[in-house]
Amino acid sequence: MNKLISFLFNLIPSQVVYAHCDVPCGIYDPKPAQIAAATVLKMVQKLKEYPEDDLNNRVRAIWTKEEHARKCKEEILILWTDYFKEEHLEKFPDLHEKFWKTAKLCSENKQHVDEEKAQELVKAVDEIAQMFADSKK
Amino acid sequence: MNKLISFLFNLIPSQVVYAHCDVPCGIYDPKPAQIAAATVLKMVQKLKEYPEDDLNNRVRAIWTKEEHARKCKEEILILWTDYFKEEHLEKFPDLHEKFWKTAKLCSENKQHVDEEKAQELVKAVDEIAQMFADSKK
Amino acid sequence: MNKLISFLFNLIPSQVVYAHCDVPCGIYDPKPAQIAAATVLKMVQKLKEYPEDDLNNRVRAIWTKEEHARKCKEEILILWTDYFKEEHLEKFPDLHEKFWKTAKLCSENKQHVDEEKAQELVKAVDEIAQMFADSKK
Amino acid sequence: MNKLISFLFNLIPSQVVYAHCDVPCGIYDPKPAQIAAATVLKMVQKLKEYPEDDLNNRVRAIWTKEEHARKCKEEILILWTDYFKEEHLEKFPDLHEKFWKTAKLCSENKQHVDEEKAQELVKAVDEIAQMFADSKK
Amino acid sequence: MNKLISFLFNLIPSQVVYAHCDVPCGIYDPKPAQIAAATVLKMVQKLKEYPEDDLNNRVRAIWTKEEHARKCKEEILILWTDYFKEEHLEKFPDLHEKFWKTAKLCSENKQHVDEEKAQELVKAVDEIAQMFADSKK
Amino acid sequence: MNKLISFLFNLIPSQVVYAHCDVPCGIYDPKPAQIAAATVLKMVQKLKEYPEDDLNNRVRAIWTKEEHARKCKEEILILWTDYFKEEHLEKFPDLHEKFWKTAKLCSENKQHVDEEKAQELVKAVDEIAQMFADSKK
């Protein structure tokens, strides 16, 4: 499983431009969203491994999944509302659709413990990171 | 000024269906976003009234404006990501555009102390509330 | 169940005066407390419906109940400590008693999964909303 | 000034019974409220000392005052809503009045930079601590 | 069990100097860390008492344990990073080691439901409180 | 200035192993601490650029500096308390000293608006990132 995570992170393109608060500071980064998505996936995997009666760690993994699905949604919506602007719409005509569906995937991962859905989320956030990288070209 | 607020709130259509967490609980409501937008407007007005040297209350009003602009954004994005679904897109073809621009208005109201922009935000959130009401018909 | 919620919300009197921060902004509203109480009730109902082995959603409903019982208490205490003033005590001699008991009901709803207690809370918060409305007359 | 703080803290009666969450854990303590009140007072004093043009530290002191006035209110309301019970009302007939006025003092200390009001708050919270100690006898 | 808690609290040395924010306000106190550690212990004990099928209270106790283990770590790290200074290193050559191990104990208490580990944490935080008291001499 | 930021980020070594919650999930990353330190620096620079009378943005920059100095401290302390273990002490004999001083730099950057101190913080966090990278070899 750690290999899977490592493999996924190796696919993440490195960014050197950042912007994340509304000051605006011009510091944006898709990586926190990617870390959050990877955490959701890891928690789903942990929930399969923990014995039925380890309530302490099952509850903690459910809560960590919830919190990071929330954080993932929050982080991608910062990119959507603050970083992407009118001028990007021509280059990325599916911009709104892409973010909307990824945000909905975050909610679905809260409601389910489903490795396939978690991997879909990791992939969707990677595509957003790629879109972000392409916008710099 | 209080009359303006009262007048604005009188225009708010009453809702009886609610949904606001990802349980999902089916309890949605545009009113918290409307209260937050009204608070942003009120803070801009307060900032004009406070004497130059009342740093305590100027700082508090700036911070309350910041916090409620953030909350306003958060609340409308809950409606956009969780309440509105594929089937609403036909009825509201400008759904994504509407929410995107309103979210950007929240950020602009953080960066400025500008009554016109604050009133634009109040109006934009009211239009979202109307869209929400229309979706029930 | 949704009918019950709708029915309860239909009973909520509409308010047009608001006050919720300590600026003070003069924007008060009992509705957030009412939404929180309705959410507590909904979670208790959800907890009866979820299958025994759906730990993910049972834990999430318990946590949402906890969080909204906390929020309900917070919201009514804003009304008690900030909105109601010396001059209201004559009109509402049981003001303190009313808020104290409702706050205690919030704690009880954290400690139990009990539909009757949740409905008591919804009713108690509605009475506070009525008291708030009467104070405007 | 530090002597004043030391003096005030020396007056604080030591408690050995605690209760602060709604589990309930039976761990209550008036000390966090007392620390918060002392911090409000300290910030008012700092605001007098900082030079006019040290905006960084003036803003930080205003914000710390705000946050600790909020925390002070939160902490005393935990005692009022969770610790004190029906059976204490006979012994402390002014229980509700006492907490209500102290909570209002927290709000006043947010709105003003006034050493007298801050000292009133410290004193009011000490009286609550004494009431708490007396309830154990 | 309540006797154990009382006994532990009786051992806590009283402090009259405090410092807890980065203003800096000079108000420090090891007591919040001690209250948090005692709460972790209490939750472990509660988890043994609750019947297997009381999911509501088991989940709440797990979450309270998590939150107070986090708070305990946060509070002792405030002492380590803000209160203790270069000049204390000579008097307490094991300062870093002591805080590092206690912080790790907080994490271990999140991951386990183990009364022995909880008591180790209570003891470690008491030793930090003693170190704090000795630094005043 | 943006060139400086870009330059600094180019120096950041890429990591492929992560760990940041106490589950433990094994997902650690020094990058959030580096982003936070860069934000502190950016805010200090913004505070020099904003006109004297732009209170809105000066207050917001002070608050963003405060919040990211806090976050920077929180993030590096996660690495110190959770990632680094007994076995790393031999390889990094100055481990504790390094983290202690960097944490203190976070507090100093809260208390001052000083570009030199902000650059020191960026450099110190980069050295921690390097130490983290070296620990993987």
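By letter and in written order, the chains are A, B, C, D, E and F; residue numbering begins at 1 in each of them.
Simple rule for what comes next: a contact is a pair of C-beta atoms (placed from the backbone, for glycine too) under 8 Å apart; a residue touches a chain by one contact, two chains touch by 3 or more.
Computed from a prediction, not measured in an experiment: that's the story for all the values here.
S.K.: Moving only between chains that touch, what is the shortest number of steps from subunit B to subunit E?
M.R.: Contact-graph shortest path, subunit B to subunit E, evaluates to 2.
S.K.: List every chain that touches both subunit A and subunit E.
M.R.: In this structure, the chains that contact subunit E and also subunit A are C, F.
S.K.: Centroid from C-alpha atoms only, then distance subunit B to subunit F, rounded to Å. What do you get?
M.R.: Roughly 34 Å, centre to centre.
S.K.: Centroid of subunit C to centroid of subunit D, CA atoms only: how many Å?
M.R.: A distance of 26 Å separates the two centres.
S.K.: Cα centroid separation between subunit A and subunit D, in whole Å?
M.R.: Taking the average C-alpha coordinate of subunit A and of subunit D, the gap between them is 42 Å.
S.K.: Subunit A: which residues touch two or more other chains?
M.R.: If we look for residues of subunit A contacting two or more partner chains, we find 23, 57, 59-60, 63, 110-111.
S.K.: Have a look at which chains touch which and call the overall pattern line, ring, star, complete or other.
M.R.: Other.
S.K.: What is the complete set of touching chain pairs?
M.R.: Touch list across chains, by label: A-B, A-C, A-E, A-F, B-C, B-D, B-F, C-D, C-E, D-E, D-F, E-F.
S.K.: List the residues on subunit B that touch subunit F in their complex, please.
M.R.: Of all residues in subunit B, those touching subunit F are 47, 58-59, 62-63, 66, 110-113.
S.K.: Considering the complex alone, what residue numbers of subunit D touch subunit E?
M.R.: Those residues of subunit D that touch subunit E are 2, 5-6, 9-10, 14, 16-18, 20-21, 23, 25-27, 29, 31-32, 35, 38-39, 42-43, 46, 57, 60-61, 64.
S.K.: State the interface residues of subunit B toward subunit D in the complex, per the touch definition above.
M.R.: Those residues of subunit B that touch subunit D are 55-57, 59-60, 63.
S.K.: Can you list the residues on subunit D that touch subunit C in the complex?
M.R.: So the residues of subunit D touching subunit C come out as 22-24, 70, 73, 77, 80-82, 96-97, 100, 103-104, 106-107, 110-111.
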